[in-house]
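In what follows, chain A forms one complex with chain B and a second complex with chain C.
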Partner chain A sequence: MLKKIVLILSIVIVTTVFTALPVTANTAANPLVVLSLNGDQFVNYDFDNNTTFTQGRVDQAVTIIFFGNLSTSTVDKSTIYAAFDSNGFNYGGSTIHGRVNDTGSWVTNGDGGRKTSAADINGCHYRLYAANGVNMWDPTYYHKYVVATTHKDMMLGVDYGHNEDAETLILQCAIGHPGWAVFQNYAWFGNYEAPRWEGAQYWDNNGYGSAVRLP
Partner chain B sequence: MKNNKKTMIITLLVLVVMISASIITTGVITANNQTEKVQTVFYRLPPQDENALKQMVLADSRIQELIKDKSYDFSVQGQSIKGQDWNLAVGVVLKADIGAERFNKWLDEGRTDKSVIEKYTGVLNVGYNYAYDLIINADGTKVDEISAPSARFDYIIPELTGADREKAVTIALADPRVQELLFGKNYAVVPGSVAMWHSSKDHQKIGAGLEIQLDKVYSIDYAWPLAEYDETKYTSFPYYQTQTRNMALEVSSLAILIDFEKESAVSIIPHSVSAITQDLQIQDK
Partner chain C sequence: MGTNRNVNRKWLRPVAFVASIALLIEIITWGLYHYEGGPSWVAVIPLSIYVVPFIGCLIIAWKKPFLGGIVLIGIAAILIIYSLALGLSPTSQPALTVLWMRFSVILPITFPMLITGVLFLMVKEAKHL
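Entry: the complex of A and B
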């Protein structure tokens, strides 16, 4: 019996060590931040795939929260997309994945977002994320809300990113919508990116997220 | 049969104990089946209060030590380049029970009501790679604790030295195509724009990028040299090839990528004012 226990324990130990290693290794070094809104949570970057959510697989930084003034305010992805259509965000993009936790369970929401240039030249692009693909609910401050990543597609394969500029451009569009209130750079989202070129991606994000409140 | 049962039970118990221990020691957060730092969103104070809080933090000798020699100031061909390799963010965590109405009032009234504040906090980022969490005392007058440096990435981003920055600007301004494009125009190297250019796959330093702001928007028809970066298509370092594209554009600034090994500008990217915002005023960034 002892032999059997030793054998099974050996398998268990090896399995545990191998499955635990990546978790431990990522604890100190992983820059991804789960942002907490009094209970609800979201990861402060989106990801280029829907299975591996690591720092090396991020796409763009979360920069904006769209939320409701009242518990009855309509805040959902389709409302926001429809509103920004009038600002020239008329083209769909490739699907990228956000990680959100609205009800106690982490889920992935894939979204192509909307962009202003089909050719990805001098374009602006945002994506929206919500746990159920529509919106989320925060009973403390935000009521219904969705989170957004922003970037610019300056020239495909040559120059994209510019998260901060894209955030500013979208806020400027938001100001023009009746009843919408903009709070630029109102809170720390923990995704500060000092200017750098990673291949063709130009990172530049001040780490402060913005909020857009819908009536 | 009896022995088998005993074996199973003992193994199961050991397994439960080991998994529990693993969870306790690693603090698993299951956003993506790996551990991450959980941070409550912290909010900004009005500019005057935020500035006072920053000055208090920057007066701390421990902070001064961390950012010592992390600023730069040099000139190339009359262009003054100033900047810093650190970033300080400070703010407040709000009480969780203030409710949506009071939260909105706080936002609308310029975030001046201090009765909603639960605590002061901050983050100091140094270079590309390290961050320090700051614990500030209850009335925002003293840094109580500075965390050990935490790595911001699971790899090291190469840092840009002062010599690298100067080299990048010198090469860019000496490039005959850049000189041709700038001829007869007023321009300035954008402060803080001289930045690392590194590969994505293996995080090796390729060179640096910088941006030159033109004094107004110019219509420029040019054969633009553009580095197409694609690690799948170009499988060996530095993973790009420069191509030329003829384009006539309304140009407000030029982004220039310098390859240090080639000691030349390999990409001159025209930036235009965004069509969706040209009539809108740029806000505080």
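Entry: the complex of A and C
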């Protein structure tokens, strides 16, 4: 009798595990939006792959633009990564893909970003995207800039997302950098997510992107 | 009578051992697949932070089945409680949906862990028959 129970439980366990495994992508609540900055464009979410860019294959919402001015020599991914090192963003993450258009054609930029917790126990994580992997160029207003997604990583595989909290946390870090100007809820990014669970992902985003101007 | 039952349950120890190895493989696979972006080398370091102590727990279970069983059941219980507590975050979803979401995330790991823990407890019990 006991042997039969163990056998049945083993079958249940194996079935449960294999039905639960292939979960990597999230689904946006609303259709994807292409945002335009004086001719440049980017999609308001990043994606879990670099071939299928649909509402059901997103990872996180784009929430921040880092930009400079004409006198700013370097607003690029490495500069921003280096600046946030002092805030504890010292660990790399796995590669996710942003869709951007800087020169008239759409390209995909893969980025692992930086996060504050190697074990994803209670960490904050951002990723940066630019058409050439360095920065984008808008001669009109934003000049050199990159776009960012933000989320929290908590208890590996059990709880992540919380985009709005992560955005706020990163903006608080940005305020502490000399000369950086923070514009919270700067513009409508069209990626509003009412608080909801999607598996391990906790969506919560007000749909407004913020902007950070570097000196 | 007692000796007979003891002999009949000798298979429990190898079963518990195999179950614990299967659990370890499952945890590694589950962790890799649930890591953002899917399986990659980047996931190895964060995953090892969880897996290495867990291997320690399994070694305890192989040497001291009762203690190991208690530890495995304890870890599973903590994970279930933690995951369900997260479900208390504000949401517009019905409570049952949230409950199902949280269980669907955590059960593939905790259910086999509970079963393996119980198996180790039974190994201890069989020894004393």
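The working rule: the second predicted complex is superposed on the first by the 182 of 215 C-alpha atoms of A that agree within 3 Å, B and C clash if a C-alpha of one lies under 4 Å from a C-alpha of the other, contacts with A are read in each partner's own complex, and residues count from 1 in each chain.
Convention: contacts are C-beta pairs under 8 Å (C-beta built on N, C-alpha and C of every residue); 3 or more make two chains touch, one makes a residue touch a chain.
Predicted model, so just to flag it, every value in this text is computed and none were measured.
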{"item": "Touched chain A residues, chain B compared with chain C", "value": "B"}
{"item": "Which superposed partner A:79 touches (first chain B, second chain C, both, neither)", "value": "neither"}
{"item": "Touched partner set for A:120, first chain B, second chain C, both or neither", "value": "second"}
{"item": "Which of chain B and chain C A:194 touches, first, second, both or neither", "value": "both"}
{"item": "Touching partner for A:92 - first (chain B), second (chain C), both, neither", "value": "second"}
{"item": "Partner chain(s) touched by A:59 [first = chain B, second = chain C, both, neither]", "value": "second"}
{"item": "Which superposed partner A:33 touches (first chain B, second chain C, both, neither)", "value": "first"}
{"item": "A:48 touches, of chain B and chain C: first, second, both or neither?", "value": "second"}
{"item": "Partner chain(s) touched by A:168 [first = chain B, second = chain C, both, neither]", "value": "first"}
{"item": "Chain B versus chain C as contact partner of A:159, first or second or both or neither", "value": "both"}
{"item": "Overlapping contact positions on chain A, where the chain C interface meets the chain B interface", "value": "9, 12-13, 16, 20, 22-24, 155, 157-159, 194-200, 202"}
{"item": "Chain A - residues contacting chain B, complex", "value": "1, 4-5, 8-9, 12-13, 16, 20, 22-38, 41, 43, 52-56, 69, 71, 87-88, 99, 101, 106, 116, 122, 124, 140-143, 152, 154-155, 157-159, 164-165, 168-169, 171-173, 175-176, 181, 183-190, 192, 194-202, 206-209, 211, 213"}
{"item": "List of chain C residues in touch with chain A within their complex", "value": "9, 11, 15, 19, 22, 26, 29-31, 33-38, 40, 42-43, 45-47, 49-50, 79, 82-83, 86-87, 89-93, 97-98, 101-102, 104-108, 111-112, 115, 119"}
{"item": "Residues of chain A that touch chain C when the two form their complex", "value": "2-3, 6, 9-10, 12-13, 16-17, 20-24, 48, 59, 92-96, 112, 118-120, 153, 155-160, 194-200, 202"}
{"item": "Touching residues (chain side chain B, partner chain A) in the complex", "value": "3-4, 6-7, 10-11, 14-15, 18-19, 22, 25-44, 85, 87, 89, 91, 94, 96-100, 103-104, 107-108, 111, 123, 125, 127-128, 131, 150-155, 157, 192-193, 195-200, 206, 209, 226-231, 239-240, 255, 257, 267, 269, 271-272, 274-277, 280-285"}
